[in-house]
C-alpha cells in the first residue's frame, strides 16, 4: 500500500478528473451559488497527525454534521432521558419528511433527520438562552478540533431562516404534539445558527477525533457513548441513503447538505471529505465516492 | 307529519333527554370551557321563514363552517383557477392531517380540510390586506344571512393563533411547496379570524339560504356553483366522517369544531344545528344525531 | 329542452366526433383487446320507458358495477352487521390500494374499492357454495333488469383470475387480518365471476331502476336502503375520482373498469353509459364526459 | 476478564434468573406451543473453537436467519443484478409490512424483510426446481457449519404455509408488480421450507463463521461480500428494531421469529443466542439482552 499522503493525492486527482459533480442544494439561497466543482479530503489519525488533499483549508457550511455534536452535548446533559423525545431507528424517509411525525405522534425517528435534530437542539436549549447554547456548541466543536478559529456564518443562518418553511413546519408540528420545550422560532433560530457553522475539511477531520475512541486522545465523552454515536451514524447518518453508504463504505459517518461528510474509522482515524454537489439523497456525490474509494484502498471498514 | 315547529320542539326535547353530549374541542383554550350540554336547531325555508328550537339565539364560534363562504368567495374571484392550488376529493384523513400534503407536494385534497381552507384564504387575501379580506368575508355572510349583527370574536382568534401550531405547520409546509402567496403568519392571521366568526343557529340557517338554489331567493352565486358547493359539502364537509354523514343523513353539510353544522336541503331549506360536544371525527355529536333524525322525519335527502 | 331521444342522439354524435377515447384496461388480458372507440347510452325512466343511443345493445363486462348489486344483497342478508367488516368512507386512494388495509388492520374503507367488494362477496358467500352465490347475484340482477338474458363471461373471469395477483394480495391480506370467512381462492373465484357479468347499456340502465326509489316500480330493497346505496355511490363510486364526479355530474354513480357507468337520478331515472377507454382513475373517459353533458342538459343533479 | 466459558455460564444464569421471557410467535401454530423459558448461547471463535451455555444442543426453527444464507447464495449467483429487484435500505417498518411495496412499486427495501427475502428466494429459484434450490441452501448451510446434521422441519413449513396469508399477500403483490419470476405458490413453498430449517445454537454459531472474515477459515464467499453482508445485517437485520440493536449491541446480527439471533464479531467470532420469547419487534427478548451483556463484557463492538 502506498503511503496515505500519496493515496489522498491520487484520490483528489481521481475525483477531479471527470464525472458528474452533482448539484448544490438550492433551497438555502446563500449556499446555492457555491461552485460544485470543489473537493477536499482530510484524515486525522489517532495520534493527531493530519493528512490532506484538495481544498482542505476552504471553510464550508457543515450543516447537518453539527447534529453529531449537538447529540453528544444533549446526551451529556440529559442522558437516556433524551430518548423519550426522539428515537434511534433509521427513518427510511427523506431528511425533511413530516409523514412519520404525524404517524408517530411527534416523536422523530432519530436525532439525525431534521425533526430529530430540532428536538435535540430544543433539549440543549431548555433553561438557557440561544446565545449561551450556541456558545456551548461552538466551544465543544472547537475543543474537539483543537482549533478556536471555527465560527458561525450568520448570513447562511439568516438565509436558512428566511427560506426554512419546511423546518418551521416540522418545529410547529413538534410543538403541536407537545414535543418542543421552547417556542418554534427560538429553537429554530438556534438550530439554523449551529447548522451554519463553517469548518474546513482539515478542521472537520480534527473535530471528529473524539469519536475515534483511542487512549491516545483526551476524551470529551464516555467510551460507551462514543460507540453509540458511531452506531447511530452508521444506521441513520445518511438519511434514506444510510443503508447504501454502510454497504458501500462500511464506516459510521454523517453527511451535511453543504457537501461535507465526517466518517470515523474506530480506533484509527477521523476522515472529512467535502464536495458541494449532492446526490439524490442530499449527500455529497463526490464525497461519497471518495469515501468508498478510500475505505477500499485502506481496507477500512467496521465489518 | 306534524308541523315543522312541533318536530323541532320534539327534536330539542329528544336531544336533551339523555345520551352522551360528547366533549368540546380542547385545543382552542377559549372554546374549551364551553358547556357541552347545549343544543339549538334552526330551519330556514326557501321562502325565508325560519323555525327554531333550543338555544337558537346563542352565538357560537362557527369555525370551519366559514370555509363554505370563503370557498364561495374564492371561486367568485378566481373561478376554476382555484383548482390549480387545491383538489376536490375526499381526503380520507383527519381535518388537520399533513401526511397527504407531503405525498401530494403541497396541493391539499379539498377546500374543507384545514390545509385546503388555508389555501382558499390565501387566494382571497392575494393582493389585499387582511382587514379588507375579513371585511369582505363578513359582508358576504351578513348579506347571505340578511343580518348585520354577525361579528368576529377576537379573543377566540387570538386563542387559536397562540395555540395553532398544527395550522402553522400546515401553512409553512404549503409555503415550502410554493403553494402560499402570502407569508404564513399573514394568511393564518386571516384564517384564524374568519374561523372565529360567531353566529347563532338562527343566523347560520339564514346565511345558508344562498345554497338552496330556489328562484324565491336573491342569488349570491351562480346556480351551477351552488350545486358544486353542495357536492363538495356532501363528499368532503365532515372530514373523514363525510361518508358516514352522507350515509346516515344524505344532505350536503359542513361542520365546525365549535359544534355547529350547516346542512342544505336543495330547493327546500337551510338547516343549522349546534351542540358543542364533538364525536371522534371532530363533528358535533348531538348535532349529527339531530340532523339524522330531522332528515328521517321530514323525508329530506338528496338521494 | 329538446325531447330526450334527440338529446341522446346528439350526445352520441358529440362523443364520437372527436377527442381522446382513453385506453382500455390492460391488466385483464381478455379485456385488453377491446376497441376503445365505442359508445353507448341508455336512460330508463321511472315508468320503465327506455331511450338509447349508440351501441346500446352491445354487451360489455360490467366489472365493478356489480359491487352495487352485491352490496345490496349483502345488506339484505346481514344488515348493519356488514359494517363491522367494511367501512363507508371514501378511501382517497386507488381502487386496488393495499396501504390502508395495513394501516386500518384489514377493514376496507368502503364496499366499492376492491378490498371492500371482496369482503362483501365473502359475506354473501358465507355458508353457501360459489355456484349458489353466483346464481343469487345473477338472479338479483336479472330481476332488477327484468331480463333473463344476462350472463357471466367465463373467459373474462378466467383471465382475471390468472392475472389477478393484486386481488389475491388483497384477499390474503384480509385473511391474515381475520376478515375473510372463506379461503381466498374461493372468495376470489366468486368475485372474479360476478365481475365478469356482461350487460348491454340498455340492460344496465334497466337493472338500475331499483335504485330510483319511485312508487311506480316494484321494490327490490327498502327505500331507506336505496338512499344509503345512492349515498355510498356518490361518495365512493368512482374511487379517488369520486369527488370530481360529484362536482362535475352531481349524481350517485358506480363505474367499472370495463368502461361502464351506472348513474341514478333519484325519483326520475337510471342511466347507463359505456365507452371502454378509461381516464387515469380507471373510470370511463367518454362515459364521464357524457354523464356530465347529460346531467347539465337535463338539469339532473341531486344538489 | 474471566475466561469466555465462565462468562457464558454466568450469562446463562443471569438470563434464567428472572425477568420477562416474552411471548413466542403465535402466527405459526407449529411454533406457538414452544416453551418460551429456554435459553442457549454458543460462541465460535475464528479458530473454530466453540463455547456454549444453556440449551445449546436443542434444535430450533431458525426462520429469518436463513435470509443471510439465501442472500449470500443469491449474490453469489446473480451478483449486483440482484439489487435491481431489492434495495438495501432499512425499511423503518415491520418485517411483514406491505405499505412500502405499494409506494415503491414492488421493490422491497432490503433482503431481510419478508418481501425482500421472498424476492431473494425467487431469484435463487429461477431456472431450477424447489427441491434442487432447497438442497443448495441446505448444502451451503451445512458446509458453513461443517455439520451435515441440519434439516428442514416439514411440519413447521406446512404450518407456515397454511397460515401464511400475509406472506401470500406479499408474494402476490410482488407478482402484480412484475417482481416475481415464479408462481407465488412455488416461491413461497421454497421460502417456507428454508425458513423451517432447524439448528441448535451450537450449529448456528458454527454456520456463521463464514462471515467472520479471518484467514484462519476456509472462505465460502469473497471478503468484500462478507463485509457487505455484515453491513446489511447491522442496518437491516432486526427490522424496525435494527437501530436500537446497533445502538445497544453494536454488532451485525440477524434475528429469526423462532427466537434465534446470529451475530458476527468481525475477525473474532460468530455468536448464536436462542430464547423463543419475543419482544414487540419480533426479535428474541432474552437473546437481545444476552447479546448486549456479552458485547459489553467482552468489549465486542464494531464501533
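Note that the chains take the letters A, B, C and D in the order they are written out, and that residue 1 is the start of every chain.
Convention: contacts are C-beta pairs under 8 Å (C-beta built on N, C-alpha and C of every residue); 3 or more make two chains touch, one makes a residue touch a chain.
Keep in mind it's a predicted model, so treat the numbers as computed, not measured.
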item: Chains touching both chain A and chain B; value: none
item: Angular offset of chain A relative to chain C [C-alpha, multiple of 5 degrees]; value: 180
item: Self-contact between copies chain B and chain C, residue sets same or different by half; value: same
item: Length of the line joining the C-alpha centres of chain B and chain D, rounded to whole Å; value: 55
item: Computed distance of Cα centres, chain C from chain B, in Å; value: 32
item: Separation of chain C from chain D, taking each centre as the mean of its C-alpha atoms, in whole Å; value: 47
item: Of all residues in chain B, the ones touching two or more other chains; value: none
item: Chains grouped in pairs wherever the two touch, ordered by label; value: A-B, A-D, B-C, C-D
item: Residues on chain B engaged by chain C in the complex (per definition of touch); value: 87-93, 100, 109-110, 213, 226-228, 230-232, 234-236, 240-244, 246-247, 250, 252, 266, 301-303
item: Touching residues (chain side chain B, partner chain A) in the complex; value: 97-99, 101-103, 165-166, 168-170, 172-173, 175-176, 184
